[in-house]
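Shared chain: chain A. Partners: chain B in the first complex, chain C in the second.
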Partner chain A sequence: MQGNRLYEGQRLALKYFTVAVVLFGAQLLFGLIAAIQYLYPSFLYNTLDFSIARMVHINALVVWLLYAMIGAVYWLLPDEAGVEVVGVKLGTIGFYILTAAVAVVVLVYLFVQVGPGTEMTLWLITEGREYIEAPRWADIGIVAVVLVFLYNVYATVMKGNHTGILVVLMADLIALAGLYLAGMFYTDNISIDQFWWWWVVHLWVEATWEVYVAAVGGYILIKTLNANRQVVEMWLWIEVAMMFGSGILGLGHHYFWIGTPEYWWEIGALFSALEPVPLVGLFVHVLYDWGKERGKGNTIKNVPAFAWLTVETFGNFLGAGVWGFMHTLPQINLYTHGTQWPAAHGHLAFFGAYVAIMISAIYIGVQGKAGLKEMKMTRTGWWAISLITVGVLLMTVSLTLSAYTQTMVERGMHGATWEGYFIAQANKWFVQGMGWRLAAGLSVIAGYAALVYDLLTVTKKQPEEVYKAEEAAAQTA
Partner chain B sequence: MEYYIQDIPHTDFLSIFVISALIIFFGMGYAAFFTLVKLKLLNRLFMIAAYSSWVLLALSMYYLGELLRVEPYTQKVLIGAMVGYLIFPHAVYYILDKVHSRFEHENESNQIQ
Partner chain C sequence: MENRPTSVWTSNRFWRRSATWVTGVAAVLLILLTFDSMGQMQMGTAEDIQNKVTKRIPSPVVINYKIDYVLDPYRGHEVPVIGGQEVDSATGKVSSKFEEKENFFGRSDWSEEEARALIHKGKLTIQAKNCMDCHTLLGNGAYYAPDLTKAWLDPAWSSEGPLQAMTGASSKEEAMAIFLQNPEKYPTHERMMPNLGITPEEAKAVVAYLKFMSAIDTNGFPRNFGKIKGAVDARK
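Our next item is the complex of A and B:
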């Protein structure tokens, strides 16, 4: 920001944030439909089948997170570099192209749904790869837009300040974008095809996205706590080293399923156990900075953003750490893979590690747009964070109960047979868990409604002292 | 000798899930109590809770290794990792503290001008 005036890059960031919030709503809506279909399989049968609802649910998640991630970079980029984003007009054109492409893809998912399984399906309808199902024409469009984005980031940093946060982001974004290419080509052998697809999402969530979160988290700590930049950046480098070390080698815990040599399972087991260590480190770091700043009598500059960052710290630890480690070692993953365990882990891990921090970044944007030096939490904001967080936690526990039943009955007692699968699906504990999951989903939807309302009104509903402080600061200036 | 993953009886599943979760919680407990005491947000006596958490963490990790029927070499490596984790919060706190005291008075403003 230049005084109270936004950079053009930050205006572009607000556009990205807006679409991200809309797609977040779509993700929740289709998740709700899929949750209902688990209990009532005839719901929307032959109109919007479970496979389609689930596909839109998880693709909307990935796409809205990518929108929010790009938005957060466009927000912090000019602020950190101290110059306007280079190529911001090109970036704006890219934004509109991407948004139009996403709209067309979603319409095709909803109204065409499936193709004949030929090259045409691959190019125009869906590639059929979980999480990144966009058809090839959209893939190429996404690559073009991301190339523009990367150019903007690199050219801006070259022109302006080279802060530690920006340098880490520059390196990470190359890896993040480059990995997408591994999910674009198609091979006739489904095992080889899945092997390459698998690398995209796993190296995103276990390495490059985690590093991205550490960098943006560092920026948010500086903005909300006035944390010391040198400390934040020093810690960022340590986290980067640990995340790449434990995250990449920890991937070995999956190798049981892809036919790599057995020693990888042991490497994977050990480094999986170490994967929560950077998360613990991050937690110690946030706690340390909060304790220090509190001791100095400093107030939090953006309470909603800091509150969501706190949710991120705990959610990441619980979702990625606790729920990940519970079922991830190869010896037990043999029995839990493909049950509701990964669903329980995935819901809390994605929420804790990525959703919460992106909402935090959006609140930073909202504060910056209004030009407020300080922003308190409103009652609606508390409702939003409480309903969403409690909802996701309850959803995770419910899915865990269903998962446990499924693992015991289907895998343990019936040896992973089809018969065992159907017996487990009909088990009353499994079904009850799914029922509680639906209830939890409704809580998240209510929280989302409160969140949208709060994002639109939070700057107009601040306590009187915030506006008085603004006036006093304006007069002094 | 080649090692193969051993079958695990389903009666051990619950213990494995619970112990795995406890490992992460005790790990977190150790780091959290340690940091809070160091920051003087908790009484020094809570350092006992920190080290108790670490002892329970190491025991849980050993027991998990037994439940998963890992080979003896892996069991040793896991315990070695636990010893490493004993040092980890000390090292992190030490680095943070040093960096804070070095930079605290150097630059009060975080904004890049």
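Our next item is the complex of A and C:
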């Protein structure tokens, strides 16, 4: 549309968003392969085995979310602070280094896959620790790039406005980056290994990432609804108190069975049971603001971004909150730990808590790039959000049914042995769940195709009145 | 920057301070608990075993001993037992005797140094081969293949079990090592383990790790492991 001025930081954000969307595609592709292998185990056997497909599936997810998260910060940072991002050139170099490193890591994952049982493998090929398999050299590279990013954030905020959203983000991002260090050492003691590994995994996804989401969600509310900043920021601080208050010690729910003392049963049960509370708050807050602004006759400034934010609040509450709570108490977790339960929970939680809000942030970027004051949802956009959301919900329900069967048959009836495991895997209801999961995955992939198309074309396919309003505004200016 | 709040409940300053305090207190508690847990989770030594001191994570020399996993009525769940069990008649509490040995690859005198070297190699191999992206270890990992927490004690690998018989080996450890090196030759299920290029030394080390891991006190996870085989077919 008409020329519009973006901060350099925001141009960098668009680069991050682009890679994020590409890696999102890779995530879905490898998820599809893994889902097929559950039903047809000979598919790509000894070529691209389940372990590799699943590793790339999850690593692509984590990395694309991190890309989108960094992108969203670079987008809102100059906007909130009111000044250009300090050190944006350095940030751009960091972006290219990070992207090259990610590409090399993925190629090694795919074509080298595994190495001999030596330290060299951990340095060059894979660390073999679920979710954070990236080899040590890449870990160090990631830390370096993140340090540049943190410097940019801190220096920019120091120079510009210190809004509540930025203050929360500054505190949160330093914790987020620091926690990664807890996953960068080797020990022969598998219990201590998993203890610190959960510091990274849990304190990311159930604490610092959640707070990040609350902060970025606040920004999106202000952008899409003109929500009152003071109210948004008050809620944000309440969210921080509740999320860190429950999430930090909620870490205990990973310390039930890994060689840790028994007191984690009580601590983990109590605090992780409280973890859904802030998610209800987030959910109420968004719907409340929506109703309030509608009552005043105000329109939504970016309908797709707001729609995805709504999916986020539902999905976060259902996926992280409800599905997490279902198996978080030790009395239940004794039987569900290590079954498809965490898979069911993980799919809806990551989608609801992180994927949806990152897509929302990307839509904010798309709108900003075109310089539109208002952006409506296109038909393709509706298809995308519907196919993806319904797909993930169906996937979650399917996995939950398989999980239930597995828990009852393998754990309840057969005492968790090799034989019990395979009897449960062959159970008709377990297999049916896996079949429906695959079908749901195809729906998500169709939705992804629609999403990519929509992100590329949404600003050109707006209804006439949007462009007329833009022209009128341009003339008065 | 802020309007004067009408009540403390709508004061951003109040909530900011609350958030800071709550986060600080939670973080300090976590750090204190972590120190305590780390103390309890240090790997034991051969000396501990000689002195009959039970550690949550025992010395790797447990590979010289017979390992079992039995219900402890006192703790209300199963516990690992190393080298035979002793039951306290008053409380029912089960403890390890650290006496009954068994051969591991033909020896039961693996020194602490040798055993540590073995499990070091085993752990490195477990990571280098991405075991956790199909299996669960201590229940964490992927769900495409059986949990390995107590795999050493799995009846399928016992002398009467189908898996040991399949490899033609005369001991559990040899059967496991043969399988790990040639998984496609010994399909245990339609869902077969891929060939990961595991060498004989690596296989031996991984099996040592599995035996060592089965002796870790996991607070009763997994429940009823291998104890109710046949329960559903009891009438047969």
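Assume the second predicted complex is superposed on the first by the 469 of 477 C-alpha atoms of A that agree within 3 Å, B and C clash if a C-alpha of one lies under 4 Å from a C-alpha of the other, contacts with A are read in each partner's own complex, and residues count from 1 in each chain.
Criterion: a residue touches a chain if its C-beta (ideal position, glycine included) is under 8 Å from a C-beta of that chain, and two chains touch if they have at least 3 such contacts.
Not measured: the values here are computed from a predicted model.
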{"item": "Combined model on chain A: chain C and chain B, fit or clash", "value": "fit"}
{"item": "First (chain B), second (chain C), both or neither touched by A:158", "value": "neither"}
{"item": "Which of chain B and chain C A:472 touches, first, second, both or neither", "value": "neither"}
{"item": "First, second, both or neither for A:413, with chain B first and chain C second", "value": "both"}
{"item": "Contacts of A:439 with chain B and chain C, given as first, second, both or neither", "value": "neither"}
{"item": "More chain A residues in contact - chain B or chain C", "value": "C"}
{"item": "Partner chain(s) touched by A:288 [first = chain B, second = chain C, both, neither]", "value": "first"}
{"item": "First (chain B), second (chain C), both or neither touched by A:327", "value": "first"}
{"item": "Contacts of A:80 with chain B and chain C, given as first, second, both or neither", "value": "first"}
{"item": "Partner chain(s) touched by A:103 [first = chain B, second = chain C, both, neither]", "value": "neither"}
{"item": "Chain B versus chain C as contact partner of A:222, first or second or both or neither", "value": "first"}
{"item": "Nearest-approach distance, in Å, of chain C Cα atoms to those of chain B in the combined model", "value": "5"}
{"item": "Common interface positions of chain A, toward chain B and toward chain C", "value": "230, 234, 238, 256, 262, 265, 334-335, 411, 413"}
{"item": "Of all residues in chain B, those that touch chain A in their complex", "value": "2-6, 8-10, 13-14, 16-17, 20-21, 23-25, 27-28, 31-32, 35-36, 39, 41, 61, 68-71, 74, 77-78, 81, 85, 88-89, 92-93, 95-96, 99-100, 102-104, 106-107, 110, 112-113"}
{"item": "Touching residues on chain A, where the partner in the complex is chain B", "value": "79-82, 161, 163, 222, 226-231, 234-235, 238, 256, 262, 265-266, 269-270, 273-274, 276-277, 280-281, 283-285, 287-288, 291-292, 295, 317, 321-322, 325-327, 329-332, 334-335, 404, 407-408, 411-413"}
{"item": "Chain A partner contacts - residues on chain C that touch it in the complex", "value": "2-3, 10-12, 15-16, 18-19, 22-23, 26-27, 29-30, 33-34, 36-38, 40-43, 56-57, 116, 119-134, 136-147, 149-151, 154-157, 163, 184, 188-192, 194-197, 199, 202, 205-206, 213, 216-229, 231-232"}
{"item": "Touching residues (chain side chain A, partner chain C) in the complex", "value": "34, 37-38, 41, 45-46, 49-52, 54-55, 113-119, 121-122, 125-130, 133, 164, 186, 188-195, 230, 233-234, 237-238, 240-241, 244-245, 248-249, 251, 254-265, 267, 334-335, 337-340, 342-343, 406, 411, 413-419, 421-422, 425"}
